[in-house]
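What follows is a group of structures, each given as structure tokens.
Here subunit A shows up in two complexes: once beside subunit B, once beside subunit C.
Here is the complex of A and B:
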């Protein structure tokens, strides 16, 4: 018997989740492509706790049921995230598609998830018995594989409060709207007093999961721009090693070339 | 502009915007059977056995054995079966149709039909095929001598790909019987094509069949030949089941299994003497797919236009369309023209570059002019307005300054601009309007002075009803609301021919104009009156012989000059359309807004044919079968296109109108590729050219 539920409180949702499993549904813009007739859904869009956007001392916190339009319109949303959300699909999709769904769909092409990866964001997972926080990088186990237990719901995405002003973001789709990323790249470089305090990059639509080569980016952290410049070739060679595109709609060579071009440009515009 | 050109609101806007228009999928389904096609999953095989699941009461399976007449879809050549015979020839070839009252159950049961195949070797590349469906050739002058005396000889290959129509509405038809008659209605461009096909397949009399059009959500040729196939299938099913049967394709089925634009492979050899092209030797090859459908006439139009708009004194043209085990290719806006016009425009571009000349000037120096002979030894009876049109487009686009500025670019973003000049011949090729179609159109006046237009022509969004209404209203000096025009039903309308080939306004519009002139002369208040007009072949035409390809292929030509500007991101390969300018001559516009809309829409379709649209198939299986995988441009991908209308009246068309529908889809791709060439400082020979191709090119250059 196919049954779907639309709870209005998180407690109720968690109870239903534990009892029936159910397919979590927050927007449905990915799920409706599959349109499985025998699926039972747990609709999460009516739960106020999952729609909040707020901040505390450490994080900017986005409820998982927030739509891309909610984020675009909110003053707390960092610019890099607004820019990425603004390039997702088209207004109708942005008005209903959610960040929780974007992450939960488990696709390496998820455009908001790329920004949550490059910012080393966390997900707050809740169930009837409690909750846990997980770095998003650890939440992704593989293509369409998540570290989400059968009784858990993604409740929040938490972006660490840090300097995100100096960012680089490029989405390459087959057209300017209603296009799934063929390659997406995000980079963050926090430079203060000529010293790189933080460097982070992430690559979407390349591998089974969004790539976030933190150990390579660490090569540049703590360095002056001049020192970083001297490391440029080593850094690029290391990035080259990790960009191993899997087969997709567009060629492997194409996606690799584009990734490397964008990383080079990221360094160029920052004088590295 | 003449007074008739002043725009009026389209008659179908209101009901479409309010959601009241009845498409075939909106028709009530009580008592109807849903049908799902059982299709071949392999590209070529003998069908050894078909094992059906147990069918519940009220469900039935229909195949070749149920066709009461002949298991052939009547087209130009009778090789398309209603349902596959002994063999299947492409993935998606229909083997049978499973029908029943519950749509989901029908889908389930159709999925459980087991087909046993004995595999046969398929061919997917037309160049490797040894089955030649059609082979045409013609010559003019003395090419051998011209090549012998040439200063330079240049030779190049060109390729174009498949293009899918991407109508908002997929193919769909309903068949049923009442009063001892089979009725078919739905999404179709050509009611009488379908009518004739039904008579042939059902083995019945013409009066035993009626065909009606429902509101159509886009066609572009997709609903020219294909509905004849689907109509025979649903009619056979309705005949067997004794109940109405409806088949409406989902998007995947529509993309994977219905016709597309023929891929082409062309070879051009050009002789140049004293800086002028003296001869061309042209080889044209079109991939027909598994059955012939419209391939002969598509190829004819392709080879007739092969030397473009230029006066080439010595010409040798050979064209073939060959069988492959791909989906059969059929009608698509431009109908064989876009492929060879792409090749010849690129060839002229490259010859000019080889000679160190600006391509636009080189092209202008070779233009045919009024009175010159055409490729087939016919005559350009009317002015060739390309020179002033090029002038207008050069000015509007600032082409020359940009072309000069865009030399030797090295930065990340590189700009380019390109220009093409093309024609489209209105109406059927050669004498087919006279010998095959013999169109008839009728006007009927009631006692209150309302005049009904009776033709078989269909409005599929292109605005035909507005055009026909205005032609009759203007001629009779009546307000538009005194003119009645409804969707055609073959029970009521005479055969005025199909709504294809940019012929409806020029040919049928002229018939109803003449009928209106007669009705005005004979007008009697308070009486019912009927006026019927028959097609008259233009007397000035030099008779066309399809065997030798000699004479006037078309009475007149519509002309287009397109310029396209792009900006290429060499980091990502992205090709951004920066500007598009088009000057179009389709004679007098019957409605300026509608003509502009046609020109913009066709221009866009042609641009994306050049730089965006690509079918990805593996061993005959089309992979990109959705709107999210088969790319067509959104509004976000397009610059504001500047549409200029040039008017050369055609005395044989109503109020001077010529063919307009296909004209804008001929020249966009070569202008786009020329712009990409300009940006990348290279020569290219294929369309589409995509971001991946840009990056491959840059990788080669940097190597």
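Here is the complex of A and C:
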């Protein structure tokens, strides 16, 4: 029996989730491309608790059912995230596609998720019996595999407050089925008084999951720009090592080349 | 069962909650102004307005509509704003085969209601999810610009 539910409170949604499992549905922009006739959906788009955007001392917090349009319109959304959301598809998709769905589909191509990765964001997972926080990086277990239990939903995405002014973001190619390749890269470099306080990069659509090579980026942290420049080749070689593109896809080498060129450009524009 | 508002009238839907709004509009309710071009969210021919927002009806499950306000081209054509767009589209011959036009017009409505005086780039962005294989977009952009100017005050 196909049954769907459209709860208007989080408590109600969690109860239904626990009792029936169900397929979580926020905007449907991924799910409805297949539109399984026999699917039983738990609709999440009418739950006010999942639509809030706010900040506290540590984080900017986005409800999982916020759409890309909601983020673009909100003053608390960091510029890098607005830019990435603005480049997603077209208005009709941005109006209903959500960040929870973008993370929940588990795709390495997810564009808002790339920004949540490069900013070392957390997801707040809730179920009827409680909640837990997980770094997004740990939420992605492998190709289309998520650390989401059958009774849980993603309730919130939390970006640690940090200096995101100096960022680099580029998305290459289109989503269009005919486009052979698509790569996205995001980089953040916080430089104060000539010293790199924080360096972070993330790569979309090259591996089974979004790549976030924090250990490699750490090579540059604490260095002056001159020291970083001396490390440039080692840094690039390490990034080269870590990008293992998805086998069997068209343009595997091309994708990797594009990634490395984008990293070079990221370093160039920052004088490294 | 979902109850929602369609073009100003309350409707009850008792079919599958997983069904597509596009299929129900065209197949069950014979409202064929909403077109089907891809069923993948890529073409915009199936666009409708849901709670004030441009939405591709091929990506909407019926069960999500409980309490929503849905406007299709059949409802929108009764408005003064439609008349202004209609006049402008005609004036610059922005319609060829017409397949994309219901979606274009609703995209124009959503654009103008958020931004009554758009630049050309903003118009392009507003209709960026609506594919037209006939006109090359030039005349459509001109028509929306003209409607914005001549229909000033409507939006």
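The rule we apply is simple: the second predicted complex is superposed on the first by the 260 of 272 C-alpha atoms of A that agree within 3 Å, B and C clash if a C-alpha of one lies under 4 Å from a C-alpha of the other, contacts with A are read in each partner's own complex, and residues count from 1 in each chain.
As a working rule, a contact is a pair of C-beta atoms (placed from the backbone, for glycine too) under 8 Å apart; a residue touches a chain by one contact, two chains touch by 3 or more.
Here the structure is a predicted model, which means the values were calculated and not measured.
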Touched partner set for A:4, first subunit B, second subunit C, both or neither: second
Partner chain in contact with A:126 - subunit B first, subunit C second, else both or neither: neither
Contacts of A:239 with subunit B and subunit C, given as first, second, both or neither: neither
Touching partner for A:183 - first (subunit B), second (subunit C), both, neither: first
Contacts of A:117 with subunit B and subunit C, given as first, second, both or neither: neither
Partner chain(s) touched by A:38 [first = subunit B, second = subunit C, both, neither]: second
Winner by number of subunit A residues touched, once subunit B and subunit C are compared: C
Partner chain(s) touched by A:258 [first = subunit B, second = subunit C, both, neither]: first
Touching partner for A:172 - first (subunit B), second (subunit C), both, neither: first
On subunit A, the residue positions that both subunit B and subunit C contact, one per complex: 33, 37, 90, 176
Residues of subunit C touching subunit A in the complex: 2, 16-20, 39-42, 44, 47, 53-56, 58-61, 63-64, 66-67, 107, 110-111, 125-126, 128-130
List of subunit A residues in touch with subunit B within their complex: 33, 37, 90, 170, 172, 174-180, 183, 249-251, 253-254, 257-258, 261-262, 265
Contact set on subunit A toward subunit C in their complex: 2-4, 6, 25, 27-29, 31-33, 35-41, 43, 45-46, 69, 89-93, 95-96, 176
Subunit B to subunit A touching residues, read off their complex: 104, 412, 570-574, 612, 616, 624, 627-629, 631, 633-637, 691-692, 695-696, 699
